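Structure in structure tokens, see below.
When the chains are written out, they are named A, B, C and D in that same order, and each has its own residue count from 1.
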Amino acid sequence: MDLAHSEEDEAFRAELARWLAAALPTLPPRPDPRDWPGRRAYDLGWQRMLYDAGYGELHWTASPARRLIFLEETERAGAPYVGANFVGLLHAGPTIAVEGAPQQRARWLGPIVRGEEVWCQGFSEPDAGSDLAALRTRAVRDGDAYIVTGSKVWTSHAEVADWCELLVRTDPDAPKHQGISWLALPMDAEGITVRPLRTLAGSTEFAELFLDEVRVPVAHRVGAENDGWRVTMVTLGFERGTAFVGEVVACRRTLGELAREARANGRWDDPGLRRSLGRLHAEFQALWRLIQWNVSEAQTTGGVPGVGGSVFKLRYSHARQKLYDTAAQVLGANCLDLDREWTRDRLSSLSYTIAAGTSQIQRNIIAERLLGLPKDR
Amino acid sequence: MDLAHSEEDEAFRAELARWLAAALPTLPPRPDPRDWPGRRAYDLGWQRMLYDAGYGELHWTASPARRLIFLEETERAGAPYVGANFVGLLHAGPTIAVEGAPQQRARWLGPIVRGEEVWCQGFSEPDAGSDLAALRTRAVRDGDAYIVTGSKVWTSHAEVADWCELLVRTDPDAPKHQGISWLALPMDAEGITVRPLRTLAGSTEFAELFLDEVRVPVAHRVGAENDGWRVTMVTLGFERGTAFVGEVVACRRTLGELAREARANGRWDDPGLRRSLGRLHAEFQALWRLIQWNVSEAQTTGGVPGVGGSVFKLRYSHARQKLYDTAAQVLGANCLDLDREWTRDRLSSLSYTIAAGTSQIQRNIIAERLLGLPKDR
Amino acid sequence: MDFRLTDDQRALADGMRTLLARIFDRDALRAAVAAADATGSKGAPERAAMWKPLTEAGLFALRLPAGDGGAGLGLPEAVLLFEQAGQALLPGPLAVTHLAVTHGAAADGEVVACAGQPPGMAAYLDGADRVVEYGDDGWREAAADVWDRAAPVRSADPLTPLHRLPRGRLPSGTGAARRAAGRRPPGDAVLLTAAEQLGSAARTTEMAVEYAGQRRQFGRPIGGFQAVKHLCAGMLVRTETARAAVYAAAVTEDFREAAGAKLLADEAAVANARDCLQIHGGMGFTWEADVHLHLKRAWLRAQMWLDAREAEEIQASAL
Amino acid sequence: MDFRLTDDQRALADGMRTLLARIFDRDALRAAVAAADATGSKGAPERAAMWKPLTEAGLFALRLPAGDGGAGLGLPEAVLLFEQAGQALLPGPLAVTHLAVTHGAAADGEVVACAGQPPGMAAYLDGADRVVEYGDDGWREAAADVWDRAAPVRSADPLTPLHRLPRGRLPSGTGAARRAAGRRPPGDAVLLTAAEQLGSAARTTEMAVEYAGQRRQFGRPIGGFQAVKHLCAGMLVRTETARAAVYAAAVTEDFREAAGAKLLADEAAVANARDCLQIHGGMGFTWEADVHLHLKRAWLRAQMWLDAREAEEIQASAL
């Protein structure tokens, strides 16, 4: 049990902090959330700066300890998060790095880490949400290409993406987990329609994707044909295990801000509310330790996060919803004001127990895979 | 929507209050909880006093409104509860009254209301708890008798009971709900062994019952052969719908006592604890109104409580556990002292979400029967 | 004692349901949301389409004596109507207008906003004929300059436009000032808000059960999974417990019982909307689903007249 | 940074598990319960069978320097041993004795009770060689008349005999008096109690999963029902979150982190015992099942050194 960082890692942290202090003031102003091209340019620009400074592909090449330091320091310094590079850096990139052929790694990884290309995710379908393996988007072989027809939903940043990590059914007759393949879909191909999807928060981070006989070269398939489910599990492992690290740091900062606001508006004097904030402090402290625990454990499995990620994801998503419910108590009637950041965050947080596997699905995974209880039937 | 009582009912209340004020001081001292014969005599004696005063069979003959008044006034006056007469007055009696043949009603109802005979319940088996219909105690026809072999568990007051309402399997080949019969078992029959069952509260309210080729006359069967599951549902309806009325009145008294203790030991000044007590006050007030609602609704179905009883039972059992958890906060470290009444009540309350159908079973009943969702498979 | 609804009460609730199906069905709801969206939640309720038929149906004058143009009915009947309004997500300052008419602070047919509810704010200020407030001496007209000095707030509930009142110019009888002085909000305002919450809780239960019966995953309706079934069961339990509390408080007209009923109804409306959203999965997170409208309205109402802390303290004071 | 247990730490925990399986298996546990039952929870731990092997295994002197007869190990190692003790429901004033030995208030091999924990009480007073208390100046000997003036309490936990200390004669540095003075309990005492809670939470999770896999109802193991599966999943989540918190606090030796860890471990131990009992159904309500022993011990430990309210206030003070 060692929570201290090595001298080298501490040197890395110091150097990073110096670099951030110098780099952040040179960033252009953040674009309006509704300005999609502006956001794309901003996020890619930041990634290019990271790349030039040597931090480009750190998300999936550095040691777990170093990666935690990176996420801690960037969040603390108020640096931009991955933004439009979310799928490229945290989902598709790591998957290609592990499962891709050499020429695939060469083609796709460079542009991701250099901030040149944006990826989006085409997994969920209208009728395949929790039951992801029931997906029906068809890919029919036609010479050296697949002809893909179907629809996807909850595709983030689709409007400005160059590539889409796409799950398709290549064998409709096989059992549902065994007929799936993982493709890299170029978003400029003919037959793609993107329709923005408005969330209850009023924003359009997501889109629906309609695919009408879109040609995708067979060479764009990562992993073997019909082996896409296994490849997908690798991607989801990354998603569930480590994609939330920066957010936990952000939640701890939010807690401090809540306490300041409560002190300013007098609600801190209510011991019930004060203790709720105290409990959340213990909760997010423990979640940070749980990340360190999971990341250390992952060293045993070669860096691929295990199902322990489900334990973290389940606890974290409920803790974060509780955080914003408590924020609403701090705000009182001001929690009805959409110009208060926490009000908007509260709305967004409603998806946490649904996206990337609902809490019900996480509990099933924990019960079946970690505890060995019988499968649902 | 009328919560006012009729003049006749208010006159009944006034007369009952007068009678209680005169009768209660004449009661002998309550026997020690471990003195079984003493408790039997005490409980039967109280029932006899009620009978002589005209209140003997009120539990299942009076109008719902009058019955509520009876339970309210007796609890308020600190009168004994049904005690050893629980099964006779609230389960077996009402069932026989509805389902029994004339000579059965004549044989068994009188001794119950006059405080002459005690009944116990032989429903659950070690391997048939939540899945009550899976019971395996066999009854094989032999002339004008059944020969009964098997075992029962959670039989309360078995040591001092005269009769046991017993569920047996009379057709082992029928689907499980269709081979069950309801028998009145005389507890002095040969082949019965009673073994006390100690609960986590340290008490032995319950027993295990072992039946080794016990002869039960066919004439003791209530309802048709193999129709016992339907008869049982009538009994459980009574159990779930109305058996808790007195307890809710008692909980509201307990809340008042908790507030007094908290004021005395200073914990009332903690707004968090004070508000928890306030919330419980609203909760038990609502539960009382829910009883009035269910009892009024039952008039539509001829007085037999419907599955709405599951709504009440589910909410009540959790509220009561919450009540004693809050009591522990009022007591602080004194909650570790078994000589504090609330500490013992807290232990007993652990069974509320299990006995008479676990909370999980109640939720299934509500989802399937009230909301029409698909059955478990 | 017979707690069941009388035939007249049943007919009244059915009539309201029929009326709302006509003047505010789901298409009208979504059209109202789209309109509010286009104007930044500034829209007032459509008078011709909504206020007139509601007025004619007697929603606002319900409790006035028949001689004064009312229906001479009581709080239980008002609760039944507002429950239906909550079911339908009917927008507009319904309860405030009903209260102002009932207590002689406005004429039937007017649209009445209330200064100070939610605390520090006013809902539906634009388009109101009259602004009232609740003070030491009961309901009264708010100061004439309240319109000029209030600043629009971007409202979390798209169908409830809000203004913030200037600090230090809060009407004395409302919100924080009232609470600081230990004064009680009006019991009927508390209860009618609770009735709307009850209606919302009942509606989200229906929506969840309906969706769970239709949506298939893993080869069967998700309503066949215990995790979903038990969420739905919990929703019904919250609804029916709140119903008993709200109806009883309408009969007894007891302030403390009304406060307890609002505590339970607020919780039922918010928790049920959350569970309904969870059962709807990703679909529930979209703007097009109605779930979020229930949740946002439930959050808003939970801030009106009494929040949970205040309601709990009122309960504790009974012990 | 590598949060995983070292091979030495793993071996240490395994060794403790093996020792406990030898000196305090389930038969020994039930025999201890029966004996306590017969004497009204007055029994002291069996010295020959328990205290001697635990002493020899180094449980109490673990953190003393090797030169002082200890093992020279740290708080992480102590946490691992006390977690095992919590798993096994090992009775006796284990943590207090360890603390007294560690901080020079008792000699290794003695049985040490603590006056003032739980607040106003003392556990295991009968049979103790020495009674200590924690005051302004740290651990010290309690007044000599503490035995004479303490009155036995009928303890909710059959394996933890309790005495109530006379009012106004509370050791000044413990319980209510200490809290009133704003003094902190010792961080290592808080953390080792949390470690025992963690062990109990892990054990009840195992028990629940085991029972759910065996017990059949409706033609299949109850562990196949989502309602039961999801209860078990929740238990594991509580356990593993508490584990990360407890282990980390052992590494950082930070008082506030220890307090937060106890908050989570208390909750995990109590809630898991409750869920375990629920999963066991009627069987869990019997004296013969071990579930109640975990629940009662968890309730007791939740009162030791810091209760939830105090722990939350300590966390809030960090914000």
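Here is the rule we use: a residue touches a chain if its C-beta (ideal position, glycine included) is under 8 Å from a C-beta of that chain, and two chains touch if they have at least 3 such contacts.
Keep in mind the model is a prediction, meaning the values are calculated, not measured.
*Asks:* Weigh B-D against A-B on C-beta contact pairs and write down the one with more.
*Replies:* Greater number of contacting C-beta pairs: B-D.
*Asks:* Suppose each chain is reduced to the average of its Cα coordinates; what separation in Å results between subunit C and subunit D?
*Replies:* 50
*Asks:* Between subunit B and subunit D, what's the gap in Å when you average each chain's C-alpha atoms?
*Replies:* 38
*Asks:* Just curious, how far off is subunit B from subunit A if you go by their C-alpha centres, in Å?
*Replies:* Comparing mean C-alpha positions, subunit B is 53 Å from subunit A.
*Asks:* Whole-Å distance, subunit B centre to subunit C centre, using C-alpha means?
*Replies:* 39
*Asks:* Could you say which residues in subunit A touch two or more other chains, in rising order?
*Replies:* 270-272, 275, 360, 363, 376-377
*Asks:* Two or more other chains in contact with one residue: find those residues in subunit D.
*Replies:* 225-228, 230, 309
*Asks:* Chain contact graph: line, ring, star, complete or other?
*Replies:* If you draw each chain as a dot and join those that touch, every dot ends up joined to every other.
*Asks:* Could you please specify the touching residues of subunit B with respect to subunit D in the complex?
*Replies:* 124, 127-131, 134, 153-154, 197-200, 202, 270, 272, 328, 332-339, 343, 347, 350-351, 353-355, 358-360, 363, 376
*Asks:* List the residues on subunit D that touch subunit B in their complex, please.
*Replies:* 118-121, 153-157, 162, 164, 175, 216-218, 222, 225, 227-228, 274, 277-278, 281-289, 291-292, 295, 299-300, 303, 307, 309
*Asks:* Within the complex, which stretch of subunit A touches subunit D?
*Replies:* Residues in contact with subunit D: 1-6, 9, 65, 68, 255-256, 258-259, 271, 274-279, 281-283, 285-287, 289-290, 292-293, 295-297, 299-300, 308, 311, 314-315, 360, 362-364, 366-368, 370-377.
*Asks:* Once bound in the complex, which stretches of subunit A touch subunit B?
*Replies:* Counting only subunit A, the residues touching subunit B are 270-272, 275, 377.
*Asks:* In the complex of these two chains, what residues of subunit D are touching subunit C?
*Replies:* Within the complex, subunit D touches subunit C at residues 225-227, 230.
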